[in-house]
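All chains are identified by letter, namely A, B, C and D, in their written order; residue positions are counted from 1 within each chain.
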Amino acid sequence: MALLEVRDLTIALRADGEDTTLVQGVSYQIEPGETLALVGESGSGKSLSSLAVMGLLAKELVVTSGEIVMEGENLLDLSDEEMRRRRGRDMAMVFQEPMTSLNPVLTIGAQIIESIEENLGLSRAAARERAIELLKEVGVADAERRLKQYPHHFSGGMRQRVMIAIALAAEPKLIIADEPTTALDVTIQAQILDLMARLCREHGTALVLITHNLGIVARYAQRVNVMYSGRIVESGPAAEIYHNPRHPYSEGLLQSVPRLDQDRSVPLAPIKGSPADPFMSITGCRFHPRCDYAGPICRQTAPDFDGSVACHFPLDTQQKDAS
Amino acid sequence: MIAYILRRLIGAVLVMLAVATLVFFMLRLVPGDPIAAMLADAGSEEAREAITRKLGLDQPLPIQFGRWFGNMLQGDLGASIYGSNQPVTKILLEALPRTMSLAFLSFIIALLIAVPAGIISATRKNTAADTTVSFFAFVGLSMPDFWLAILLIIVFAANLQWLPAIGYQPLSAGVIPWLSHLILPAIAIGTGFSAIIARMIRSSMLEVLQADYMRTAASKGLPTRILLLRHAFPNALIPVITVIGIAFALLISGAVVVENVFAIKGLGRVLIQGIQNRDYPVVQGAVLVVSAFFVLSNLLVDLLYAVIDPRIRYS
Amino acid sequence: MDDKDLMKRAEAELREAHDFDPRDPLFGLSKDELRGNKISRRATLRLLAAGGALTVAQVLPGLRPTAAFAGGHGGGELKCAWSGVGEIVTLDPAQINQVLQFQIASNVMSGLMHIDNTLVAQGDLAENWEVSADGLNYTIKLREGVTFHNGDAFTADDVLFTFERSSNPETSIHSRVIANVAQLEKLNDLEVKFTLKKPQASFLTKALERASGRAMTIVSRGGLEALGTAQYGLTPVGTGPYKITSHQQGQSVVLEKFADYYDPERPKLDKITITPVDGAEPLAAALEAGDIQYVGGNPVPAQLVDRFKQNPDLSVDVKPGPGFQSIWINPWRDFMRVDNFDKPLEELKKEKGFMVRLALAKALDRDLFIQQGRFGNGVPAHGTINPAMGFYFDDTLAGSSEQAFDPEGAKQLMADAGYPNGEGFPELKLQTTPNTRRDGLVVANIFKQVLGITVTVDPKDFSVGIEEFNKMDFDLRLGGSGGDYDPDDGLVDWMQTSSKFNGRDRDQSVHPFGFFSEAESDAAIDAQSVTAKPEERRELVQKANAITSNKVACGFLYHPVDILVHNKSVIVPEDARIPGLHELDRISLA
Amino acid sequence: MSAPLLRIENVSVHFPVHKGLMQREVAAVKAVEKVTLTLNQGEAFGLVGESGCGKTTLARTVLRLVDPTEGEIWFDGQNITGMSGKSLLPYRKRVAAIFQDPFSSLNPRMTAGGILSEVLRVHRYEGDVSARVAELLQICGLAPRFADLYPHQMSGGQRQRVGIARALALEPDLIVCDEAVSALDVSIQAQIINLLTDLRKRFGLTFLFIGHDLSVVRHLCDRVAVMYLGRVMEMAGSEELFDNPEHPYTRALIDAVPNPDPLSEAERATTALAGEIPSPLDPPSGCVFHTRCPIATAQCRTEIPEAVTVGPDHVAACLAVSERPVSEKTT
């Protein structure tokens, strides 16, 4: 059984009684211990759908349909209080900005310990012991002294280690990491991602990795969901998507990124236009204004997601047609 | 840290000396004759001249200034020109505990109202509770404090007769007399003050509630109470402290009016009466104390930052 | 005895009182009559007349059967508010510059004389006295066995010390009051002799009285030396019925019964707390709540009087008060210029500047002003002499004065001066203090209604306003005097060319005189000051008063009334009702 | 080989740190330490490195927003180090900058047209301003209607195009790009990279390109210098540097960048560089990289390595590499 199954999740922004759909019909599942990447550009809805899983959507954002089933239980049916108890215990989150994601006026220790106390019900002293263990596990040296320090005493990389320690505090089954290394230096990024990958493997934790960096996806994820403008446009094993992208957007993304092993003199092949504005209504496929392959039907009917791709003209079939 | 405080204190002294100098000369620019005020209808020409001579007001301004400044540096602020020539230091020392008591109580009352009100209206943004708090904040802000003071007197002193209408009792006379005399004026000042702080806490809280670390805290599954009181409130307090520091000015100007209504001779009233009578030494002394208050409260605010916000360390 | 009978009897007594012996240049009293500590009723009334304080109105209450003393008993604590003031700046007689200050000091300090409720100067520390035939020598026998609050014995040395202190303008602001004293001698420990430069009708009331006089209010040398002048100003030591046990400036003055006071009957209360209260509403609240039982200080705010009258717990007593308020008109402004007031009235009336002045004064609807501005509390004024000085007060002046209210005449004058219906007349500024701004607005409105001219009210702090007034830098100013117990107070201080307020800081090359200068009234005022014969003095006083009224020294507006407000639990006997003063030693609690 | 346009000679930039009652200077952050490099006419030069490496400070020094503590900057044969005020104006006209965040570097209350024409007017442009504005927009791939739009009405990529147009307005010789594409979405980033490449070719521009994304820098630049804690670790032609890195730090950087290819990633055996970047306030002694270097020896802790030539136009500052005389260069 899948650890988490998201079915037809639709999220809208509710303002002045009017709904603007930001995430439309997103479905995916993740197995225990698996690493699933959500890839997409800004506004693609990858963060929103994950916050919905955590029950942390802002008040103005509402789930208008769908189910989020974790171990057979629809999280959307739970009360606020039941959901709160699940957070931290069953699932945890690591956020993008290590510089702002820790409370600046509380010590690192306080911020780890409160989570342990709340979720494991340990005494203050025992929670402190556990916090020291956790810090050591995530590679923070001199843990006992550092517990008493404040976030501003920590570098970005160290803060992200602390965030990981907090996420791991109650040994959750699922960790959602939202762009965990975007703000970090390259060498530190590698450290953090290696650490996360190792810990998830050791603890058997499932990881949802949200990123826009295709390199990271290639190195760390087993399966990939490519998102565009609030929808999953393609889903599948990483190697499959990288080598045989079926959606024109996936292909475009891959061709947009300069690579270290590429000929410099060949220009990049960017996708034309700009990412779709979530507030702009587009009939048909939301990618069609930027798509080189779009036909008349793309302008009229939105393609359904068949579990692998949402496109009227997936690339492999086209190529077959062409060949 | 100590070096920082010392440096700030030296700066404070310099500011105060500059203020003292400025006030000395500005006061002389203001029309009005202190001797005339003093003699009212009683004075004879000889008395006028004799007093002018005695007070040195016949001397050229720079000499008057030099004398006053020199004495001030030695801690002698001179004597009131008016009435029985009370030493300015004595007048100020008597007024200070009254204003401090009033300011302290007003502040406590302001916080007692503002903190819950601000938090409630921030966490229940755009609900009935928020609107109610906003409404009262608006009323509190727009109601002149002397008017509120009079209302309070009419209700609590004249009609209900729960509290004395006027006067002041020092703390040495007992906590109950002290409090019973100060509670109405403190409410009169504190209400307007609390409206400002509540609005400030509200907007500051709203901002903090959006902060990344609040999301982190929520992701740990912490209960709302801890989220608000441990994570949001201390952070929300940081910008509020600045306002409190600045609003000290408001407290003093509020005190001027309210002290008058409740017949409490605090700093505000010393200042106003000094100005009315063109009592130069008193005004100079009072301004010096008020500016010291400002400078020190600003320093205090800065140091409070360091207490609340560990990122700030002064060197 | 109804009021009519009373009046008749009072008038008879007054006539008798002034039926003096022509051989006596001073009071028409024989030396025997004047001597001693008990003067006959006839002598009293004459003295009173000589002191400039005799009035029908004042005689009347004195003739009524003394108010019931029932229910009063000794002891207890009285809580007073001193109205309209933030703090009692000084109680040192040498520095006192406000009525509300000597209202308190008079209960703590003694003078040689003290006026009673009929404004008669009675011996205070003066046991008895003798006046020489030429009116220049006053030999005063001092009361024996009097002690200061600090235990020092009171002797002639204290009189000399006080005199020296008060004569020195560096130590006292009242040196002018005793400038007419050529010499003060100590005859023995209990006897002193004043020698005057010229006879002075008002000597006993103006110079030796303890309240309004102040100059000879006896101060304690020992107390001064022990406390220093600053502290003495807060807690002066005297020989009065109460001693000050605490003075928190701006908060409270606490008086306690002085056990060794020379009159064992007084004071009646054990303790009095006086709180200065500036605001009207807080005062009302405190009074209504019973926090305050008795109000002294500045006149109770006019708008509260009716409210207090309706309160069954409170007693409100209204009497004529000593003082006057005027609209001062600057004669150096071109459109109301008068270069020479000495010209006959008929000629003055042909000058445009004078026409305007007279029009302004005539336009003053004093009754309307008192109704609107003072909430009905006041008496129309046409001169400085107030009705509290009944004997000198000229009640015909209201009808006879050139400046009696006459809207048609005022309009006509303006038209004659070239400003029909106020057209072409410049906008004037009426200077007031912040406290009298409202009065100013009422006056401005009256000018607008009657003359069609625009007057804007310009409130200025007292110290600023008085400076401009003294420099003749104003159009119109609302101001006047309080605590006038003798004709000198109004006439000498305000109406003469040499008066102390008559533009004393003016540039004399531009303004040869201040707001008013008139030779005939100057002479009459000089003469009345030294005229001991009351009727002659009255004649001179009223003559001067009429000239200043007719030639518009200023637009006289109103005489204030003395309003006493207290809780009914406080018993205020008639002899404690001295206009403008508070005889706290005669007051008791029910 | 074309003539050098910009020469940075032994430039150091130190920021003083004050402390105590008298605010005495107690230390200095050595943001840039003894950097020497040359930009040839028409060349794109890349500066890469992680935070605190001094690349942005160096760029700001070139823009004369920061004064060098020591060393000289020569531009087109002129020493501009000591210049200030008016004498600097001709230089400012010839050097332009493009910044990371187009939103904060554009005045939100001005339209794109207003922003561009303001630059032109300030420098007394003598032609038809509105025609030039339209031309600049067109050059940067924006329709003429963009002249009337405000920054908030545009997407991030469009704003960056306006930023580029502004840099081009005065026909500069040198453009300093400070993380000019870092904030953009992947698909837009590619568009801007292509635009910059085109413009460079079209107008013969010289680029000083500051970036932290190695793939982008490699793609855009002819020559690259790798900086670490204020010092240049290695400098070479782009392909040479990424294909044959000599310095252990360069190698670690390249290792850390994941390739967007799961298969090649699976084959790559990478070890992340251990440790944190030391504080520039308190840099390590000797070779500043020795605290994280996998091959550091005791000598590295004391000796500051000199830059040595290790190949044609390829220098590295590491004690572990030895000088290789390059004969090919002369032939």
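Everything that follows uses one rule, which is that a contact is a pair of C-beta atoms (placed from the backbone, for glycine too) under 8 Å apart; a residue touches a chain by one contact, two chains touch by 3 or more.
Note that this is a predicted model, so its numbers are computed, not measured.
**Q** Would you indicate which pair of chains has the most C-beta pairs in contact?
**A** Pair with the most C-beta pairs in contact: B-C.
**Q** Name the most central chain, where centre means the mean of Cα atoms.
**A** Located nearest the centre of all protein C-alpha atoms is chain B.
**Q** Determine the centre-to-centre distance between chain A and chain C, using the mean Cα coordinates as centres, and give it in whole Å.
**A** For chain A versus chain C, the centre distance works out to 91 Å.
**Q** Please work out the Cα centroid separation of chain B and chain C, and write it as a whole number of Å.
**A** From the centre of chain B to the centre of chain C is 40 Å.
**Q** Per the centroid of Cα atoms for each chain, what is the distance between chain B and chain D, given in Å?
**A** 53
**Q** Sort out for me which residues of chain B touch chain C in the complex.
**A** By the definition above, chain B touches chain C via 31-34, 36-47, 49-51, 53-54, 79, 82-87, 90-91, 94-95, 150, 153-154, 157-158, 161, 164-168, 260-265, 269-270, 273, 275-278.
**Q** Residue numbers of chain C touching chain B in their complex, please.
**A** Going through chain C, the ones touching chain B are 81, 86-87, 89-92, 95-98, 168-170, 172-176, 179, 214, 229-230, 232-234, 248-252, 275-279, 281-286, 288-291, 461-464, 466-468, 470, 481, 493, 500-501, 504.
**Q** Where on chain A does chain D make contact in their complex?
**A** Going by the criterion above, the answer is residues 41-42, 155-158, 185-191, 194, 212-220, 238-239, 242-243, 252-262, 264, 267-272, 274-275, 290.
**Q** Under the touch definition given earlier, write down the residues of chain A that touch chain B in their complex.
**A** 54, 56, 84-89, 92-93, 95, 97, 100-107, 111, 114-115, 118-119, 150, 152, 163, 166, 169
**Q** Flag every residue of chain D that touches chain A in the complex, lowest number first.
**A** Within the complex, chain D touches chain A at residues 50-51, 155-158, 185-191, 193-194, 197, 212, 214-216, 218-219, 238-239, 242, 252-265, 270, 272-274, 276-277, 292.
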